[in-house]
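Right, one structure below, let's go through it.
Going in written order, the chains are labelled A, B and C, and every chain counts its residues from 1.
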Amino acid sequence: MTTAGRTLGELARLVGGEVRGDAALPIRGLAPLDQAQPGDLGFVSGGRYRREAEASRASALVVPLDFELPGRPLIRVAQPALAVATLLRVFHPEPAPVPGVHPTAVVADSARVAADATLLAFVVVGAGSAVESRAVLHPHVVVGERCRIGEASVLHPHVVLRGDVDIGRRVVIHAGAVLGADGFGYAFDGSRHQKIPQVGRVVVEDDVEIGANVTIDRATLGETVIGRGTKIDNLVQIGHNTVVGADAIIVAQTGISGSCRIGNRVVLGGQVGLADHVTIGDGAQVGSQSGVHRDVPAGGTALGSPAMPAAEARRAMAALPRLADLVRAARALERRLARVEERLGQEKP
Amino acid sequence: MTTAGRTLGELARLVGGEVRGDAALPIRGLAPLDQAQPGDLGFVSGGRYRREAEASRASALVVPLDFELPGRPLIRVAQPALAVATLLRVFHPEPAPVPGVHPTAVVADSARVAADATLLAFVVVGAGSAVESRAVLHPHVVVGERCRIGEASVLHPHVVLRGDVDIGRRVVIHAGAVLGADGFGYAFDGSRHQKIPQVGRVVVEDDVEIGANVTIDRATLGETVIGRGTKIDNLVQIGHNTVVGADAIIVAQTGISGSCRIGNRVVLGGQVGLADHVTIGDGAQVGSQSGVHRDVPAGGTALGSPAMPAAEARRAMAALPRLADLVRAARALERRLARVEERLGQEKP
Amino acid sequence: MTTAGRTLGELARLVGGEVRGDAALPIRGLAPLDQAQPGDLGFVSGGRYRREAEASRASALVVPLDFELPGRPLIRVAQPALAVATLLRVFHPEPAPVPGVHPTAVVADSARVAADATLLAFVVVGAGSAVESRAVLHPHVVVGERCRIGEASVLHPHVVLRGDVDIGRRVVIHAGAVLGADGFGYAFDGSRHQKIPQVGRVVVEDDVEIGANVTIDRATLGETVIGRGTKIDNLVQIGHNTVVGADAIIVAQTGISGSCRIGNRVVLGGQVGLADHVTIGDGAQVGSQSGVHRDVPAGGTALGSPAMPAAEARRAMAALPRLADLVRAARALERRLARVEERLGQEKP
């Protein structure tokens, strides 16, 4: 695929957009509004970027359907972000991996590696594991025993699947993530913490993406599950036996304790903490830095530490700066009231 | 060791429990109540799981001493969690490591590796380090200079001991943990942050367990210490010169700054932050997401950010949702009081 | 360089300090006050350590200019912390790396490695990358494609530069850090989260230090930048397209979302969270565990979640323990006022 010689019309067809202006206009690349040069295509996600759009040196712009910019060549689309996702891949195609096993890779005799999979330098694959078609294991990936890496999944450098980890198709796991380490479980025997062996699995369904240095623990017994299409940001922690649904979004540094149930399309902001055994219903949204100790219903919201419904939390947070004054005001009221009571000769309660 | 052919009576003996029902009943495995099949042994940690116990398809149950379930075979024990820890190991024995040094491992001439230690693929051991009897270094472990890994300790893939790290006996360190990186210390010279060299050590005592992607920094001078039997969850940060006592529990994503003193049997919940030079007394408990800036006495509690004694914090947290109404209520009281004062012809203060 | 035979006078000259007492006194090493032995030099950062200084067995002390300790040999300096930084390097000189490429390293044909650079065991350097003079890549470092590691920079074990990462001179990156993983960007198409390709770069300027297991994401387009001299502690997350200025301090476990602008000499405490597109002005200070959703002006402060100016936040935090009593007090006032109103025969509002 060549990235030269694209025209505005060709690009509009690729994203299902309508052209305003010269469809034959050559486009060289994609750039943010403020960094775009002549030859570049800029992009505008909404009306509030009108000023930046007018000032941009971009030769043409991807804009929402209702966006006008007289005299400028445009591609108008329903959702600019989706169009940009497509166009980025047009101008920055991912290089196709070269299938094969690097001579330094160490693959157990009982492991099965598809002929068109890619294992790069110093990869280790343990006994009983399978690497399926078109999967890519970048340098230093360690796959333990009894794992599966599904079709076209990509494990970036230094990813560790400790053992008993099942990865679906088209999954992306970024560098340094650790899946399948022991869950955090101990029983105190009166003098020591005795380890509860963690012998369960981790299951990651299709189309999941997992960030750098994330940790997802294996179940004590049974499975820790990340549902289809869910996206997990960097440095997130997911405890043993937790089940995350489909198409959830979990932002960086959030920690989910053990045995939680996270529904489909849930959004957890950054640095959220969930106590163990908490259930978050489908489509619920939890604000950044919240500490959630109770279940959140489907479609519900949670915010604050401890978390409340978001509207309630926002009211409390907005009032917080007035708290110190309120303490003073209450004292003043008490003094005034005492004077009134005295004047009335009324005994205090 | 075979995992087939165990009877209920044999298992009861292993955990010091009493059998109710047929001691000859064959048991095939252990399973959670809701996933158990005929042939499985389920487990019940307390009375609130009665309904799940009744509905379970498990052939028998491990239950607390006071738990009755007429007509079902039982093993009754004082602490089901301890019994389950034992039984998990019976049904899921850890494979014995095969001693020896993988041909790809790189071991410095001056390093000393016990004959019955296990060094797997791509392990690196630096000058002056020692790996003792029955220690296991999984693939890609890097041990720097002047380290010791004690008897029967296990370092999972990609663990890094940067240098001057002393690991005791039966320690488990999960994948991606980094011990002995430089502490975070600088002195501002008026124009730049000058690095304060970090030349101290990390000491990890016997029976400690350290989670995946944890970071424990070396001391500036002297030692950062993790005391015997302490358990540390994933993604925890421990700063330079901090000393953690014995049998502490530190839950995921907690951050301990430099020069802290954490007592024996302390429990720090998840995502806790400790300011530097803080002392947490023996047996103290700190709630999740707390921010601790002051010492907590032995046996004390801390909760909230900034942290207070837990009872005080819980009162404040419970009152927080009423804050916005309180602001309004105070204004209403003021208006009513002003009217009363006016009526009395009394001047306002 | 030998570390034996230093005298108090020689050491004083090295740090520009003045000697009190015998300049010929031999000094063997540096130690904290409470661990120092005869022959050691202790150090005192301020007047509040007087008692520890008096009790110390150190043969001599580094002290501030105004510090007196009659009868004890002293080196008096303007800034003891800077003097200690120098002296630590005197007594604990860093071993000079031995240039060369370890035979196990895998270097792409199109990569360029300076003759006096050091590549240790199992290092991987990708196509089109450059390792400059005196750079040190510790075991298991993975450098992707189109990266540069500048002069005298040090990458500790298991560091990953995913690709398109530019590292300046004298940069130190601690073990397990991941630079250049994909930013967290998706566009929802009505049924799925579509990935927005992340094709930008990471630029790390001279004299930056980056902690263990830190994650710094590549830009969507353009650059994520860490400015000259900035110091980043362990387990910090920095999102795509964020630009951090010069000489900033970012303490452990802080998370910076995408497209933030962090000024020069900003200090972010530990476990801080920044929402995306937030600007923190030059010299601003953000307290630990704060959640910042709005811009902070140059020289400003922020504290709390959600963050307020620090003075305001401290007032609210100080009043928080009184909130529960305040709710009760307001109710009592209402009752008393109602009685007064009744007595006056006045109708309630």
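Keep this in mind: a residue touches a chain if its C-beta (ideal position, glycine included) is under 8 Å from a C-beta of that chain, and two chains touch if they have at least 3 such contacts.
All values reported here derive from a predicted model rather than from experimental measurement.
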Name the graph shape formed by the protein chains and their touching pairs; answer line, ring, star, complete or other.
complete
Numbering shared by both copies at the subunit B-subunit A contact, with half separating same from different
different
Please work out the Cα centroid separation of subunit A and subunit B, and write it as a whole number of Å.
25
Multi-partner residues of subunit C (at least 2 other chains)
104, 122, 140, 158, 176, 213, 235, 253, 271, 289, 305, 320, 323, 326, 330, 333, 337, 340, 344
Listed in rising order, subunit C residues that touch subunit A in their complex are 104, 106, 122, 124, 140, 142, 144, 158, 160, 162, 176, 178, 181-182, 184, 186-187, 189, 192-197, 199, 213, 215, 217, 220-222, 235, 237, 239, 253, 255, 257, 271, 273, 275, 289, 291, 304-306, 308, 312, 315-316, 318-320, 322-323, 326, 329-330, 332-333, 335-337, 339-340, 343-344
Touch list for subunit C against partner subunit B, complex
30-32, 35, 79, 81-82, 84-85, 88-89, 91-92, 94, 102, 104, 120-122, 138-140, 156-158, 172, 174-176, 207, 209, 211-213, 229, 231, 233-235, 247, 249, 251-253, 270-271, 288-289, 305, 317, 320-321, 323-324, 326-327, 330, 333-334, 337, 340-341, 344, 346, 348-349
